[in-house]
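So, here come the structures, one by one.
Heads up, the next two complexes both have chain A, just with different partners, chain B and then chain C.
Now for the complex of A and B:
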């Protein structure tokens, strides 16, 4: 048994190293002067030290605005997603109505539609209402992603019906039952869905790239990418990596704080125990 | 509870119907009301990146030492000269990897920019769908002089008999040469200028000499990442007088004796160890900059970087004639004016901007390394002894742009993928050429 544990542990350490290595390499390059990276970008130990790559990004006048845009879009998008998706999931899990199963299947079928396929219709819809270059255009398309409905429905199904029935006997309306009884019990699932939504929205690149064409409306991902010249990988690798570190830092902090919930969320979406 | 429900529903509706929640509506409204506004807000789509913050408002051309810096400074000068009349509002800002995705969506939404930069190779895809304004009449109206444009530049701006672009530059393959290594190998003339091969056999002779005398690679290029392999293949086909695709008939000539000659030469260089088959763009550049390779085949855009940064004697040179005719792959940047939903006065502003850029191709070429598309600017570059420019001036007339086809990007990708299979996967030259021929024909027949 001990040998087996040792093998598993060694394997996991190896996998962790494989996963961490690119991140480590990114940080090493971010603190290395661009001039040195032009000559050698494969060293795993810093060939020099500079904070100029970070300073250069922070000196760009709009970086703060892009951060703010990302925060606004991510928070609004996450809040709306949580409310709408948990309400839908509650209906699918706990309420009995005609066509429920069909609607739920249709919702889950949305998981099979790649977001690239929805791009042009979405773009045209927002163009028709002159909605591009707005916060709503940046967060609304994410609100309808069915993964959250699935995770929340799975969670709600685990709550005994007797809980909702007891609330009904006490005279609670469905909405009151949902907000006052079910939601407080669902905080672990809500946290997981919230973190996932937050991460996906924060990291989103392609949709903000086409929807927000004015630099004041860029998110941090598209904003930092917009600073990139042609062949940046060869001439400004350090700056490129520093941008990656800066853009990823809020998520890294979020992960450190909520890693327990994140892991629980992964087990929920994979059908495991939680 | 009712109050809470109403409040909650109100919040949801507000969040859902929040398209106005942005900082941009003001400028969008400005654009929409251009006719009433004194200042025309001209939406510009371009790549080339962004310069350092300190250059964002600069009009000092002495600081124009890169694509990003030069285009920003020129735009600032335009804004200054047209203060109170036209104001440039730059859209997007991606490197060219994402540029056309972004541009395509604006066309799909019927909301394209007022003026955009475009490659010659990509222009037919838009012109064929009647998305761009024909500019022949505007050339006359805005007193542009197409006879001052070089022949490749004129050709680049045309599609099916009409003109759709104002040429901004030509960019082509050059040889970036480590003169010190060439001297060490004894491959220089009396003036110390590197002697380049004039045939494929000479190429291998020089490679052998370089290896023996210096122990270094003779030649390096990105052989795995960007479509540099396609560019070399295209150049070698053109040198044999056999284009990859015939301009008029659309006949594909990849699976031909010329194609075989080109690919066999490309492959043999790697097989005999004179070039690195695994190099990507960055590592090819690093090998050259570190003095591990005597020649790097790369574009015009690195000339100024190398001139300023290399620790050895550097020289940019024309691509050599290895197979018969002096020809080399080239592409072109040009300014195009997308058709708008309704005719509006922004066409005039867009043409003002395009004309301004056309009048400043000297500054662009001097700042970016690209080749000026105007004969007068080429002369001025030579007269002013702008570093290195005279060494590759001949490329302006040797430039072989790809024939105007609608699906250029697909064709470029197919040829790159297929030819690289010979050195990366060990596929046979004949089968690769046959497969490339078949795939390109299929694309052209779409």
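Now for the complex of A and C:
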């Protein structure tokens, strides 16, 4: 038993080192002066120390703009997803009406539509109304992906009917019941859906690549990709890696804070359990 | 009687806002794709002419379509067992490690939260024979560094390695949840009978995990089929088109060659294939609940 534990622990540590090493290496390069990296970029301990790479991001190029674009698009998209999808999920889970089952099935069928097969028709649609290179074009298609409806409906079904009935007897309108009683009860589930949506929206690549073609409208994800061709053989490796660190940091911090919720969100989204 | 036939107002304002967004951005584009696929539609000249199913018949004679499809299938076939096998290994190692678990889980899962362009930024240089860590390791071992991204033999494996590092945490999480659902009593009785660790794995763990494994496999196939970003940024489909995948070809047809009708036709075929796979997944997860 003891040797088995030792083997398991050794393997765990070894694999963790392999998995973290590439991220660690990016950070090392990000704090190393560019001219030192020209001579040697494979050192695992910083050969020098500078924050110039990070200051450079603020002064040169559009990285800050892209970062703000990503923040705006992601926050609006996540907020809309949470409100619209949990309202719909609540109706599907708790209200009685004609055609409910049909509408719910139609909504869940949307989960079968592969996101990456839809970018041509979506592109045509936004082109018809000259809607490209706008924030709305970047987040609206994401809000339509019914994953949150699926997860929230599972959660709402678990709330006893007595809760909503009690509110009704007290004379609360359905909207009031929903926002004052149901939503506060659902914070754990909402957090799971929210953090999952936030990460997927922030990391969207193909759609922003197609829709936001003006450099000022890139998100940090497409913007960082656009730099890689130009910089690839270039000399400013440290500056490039600093941009990578900046692009990844907000997500990494959110992940550390909400890890538990994110992981539950993933289990729920796959139709597993919660 | 009267109130029955009236429109249920609360339902309307609970469901309608989402349904409007859903119909516009999820349902309508599907029909748009079918219609566009029957036109010769040039993005540059905005000229459109109805050509029926010619885009579809052209597709079957287009060698680039076939090679992109084959590359995608190759990626799916080689990456899926790896992503599930390593995910399962992580999950098994983590299962029951107690308080240290969260720390290691964090390490294995962390890459998943980053965007594809961060992954390609790191791995583009990892694979670089002069500047990257992999080249440095080969030199330390006295071997010639591999030119991963420009060698036709190694380009696809490089894409698979980067993808494994990036997304294996997702599978690990699902499999770990499945492992924790297994009744501990099963293991207790088997240890009384003196079963080895390997026998436990073979006769208890894997059979109990069957449903989760099926689910993870189908989810993985769906996700792998939609591969695009890693290839587009790391190799641009090269060298010599050996890593060009289907989504990338659709993207290039639409936005480099400006043939939106043809691109729509390919997107619709992709949609049909994916919808079939997803349908399986849907049935599976329904059975599970």
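Going forward, the second predicted complex is superposed on the first by the 191 of 274 C-alpha atoms of A that agree within 3 Å, B and C clash if a C-alpha of one lies under 4 Å from a C-alpha of the other, contacts with A are read in each partner's own complex, and residues count from 1 in each chain.
Everything that follows uses one rule, which is that a contact is a pair of C-beta atoms (placed from the backbone, for glycine too) under 8 Å apart; a residue touches a chain by one contact, two chains touch by 3 or more.
Everything numeric here is computed off the predicted structure, so don't read it as measured data.
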{"item": "Which superposed partner A:225 touches (first chain B, second chain C, both, neither)", "value": "both"}
{"item": "Which of chain B and chain C A:241 touches, first, second, both or neither", "value": "second"}
{"item": "Contacts of A:134 with chain B and chain C, given as first, second, both or neither", "value": "first"}
{"item": "First, second, both or neither for A:39, with chain B first and chain C second", "value": "first"}
{"item": "First, second, both or neither for A:157, with chain B first and chain C second", "value": "neither"}
{"item": "Which superposed partner A:59 touches (first chain B, second chain C, both, neither)", "value": "first"}
{"item": "Which of chain B and chain C A:215 touches, first, second, both or neither", "value": "first"}
{"item": "Larger contact residue set on chain A - chain B or chain C", "value": "C"}
{"item": "Interface residues of chain A shared between complexes with chain B and chain C", "value": "41, 84, 119-120, 123-124, 140, 173, 175, 206, 209-210, 222, 225, 228, 232, 237"}
{"item": "Complex interface listing, chain C residues touching chain A", "value": "8, 10-11, 13-15, 17-19, 21-22, 24-30, 32-33, 36, 90, 93-94, 97, 100, 102-111, 113-118, 120-126, 131-133, 135-136, 165, 170, 173-174, 177-178, 181, 197, 212, 215-216, 219, 222, 225-226, 228-229, 232-233, 247, 250-251, 254-255, 260, 263-264, 267-268, 270-271, 274-275, 278-279, 281-282, 284-286, 288-289"}
{"item": "List of chain B residues in touch with chain A within their complex", "value": "1, 4-5, 12, 15-25, 27-28, 47-50, 52-53, 56, 66-68, 89-96, 98, 101-102, 105-106, 108-111, 281-282, 285-286, 289-290, 301-302, 305, 309"}
{"item": "Footprint of chain C on chain A - complex, ascending", "value": "4, 8-9, 11-12, 15-16, 19-23, 25-26, 41-42, 84-85, 87-88, 90-92, 95, 97-98, 103, 107-108, 110-125, 140-141, 143-146, 149, 173-175, 178, 199, 202-203, 205-206, 209-210, 220-222, 224-225, 228, 232, 237, 240-241, 244, 247-248, 251-252, 254-256, 259, 262-263, 266-267, 270-273"}
{"item": "List of chain A residues in touch with chain B within their complex", "value": "35, 38-41, 56, 59-61, 76, 79-80, 83-84, 119-120, 123-124, 126-127, 129-137, 140, 173, 175-176, 179, 206, 209-210, 213-218, 222, 225-235, 237"}
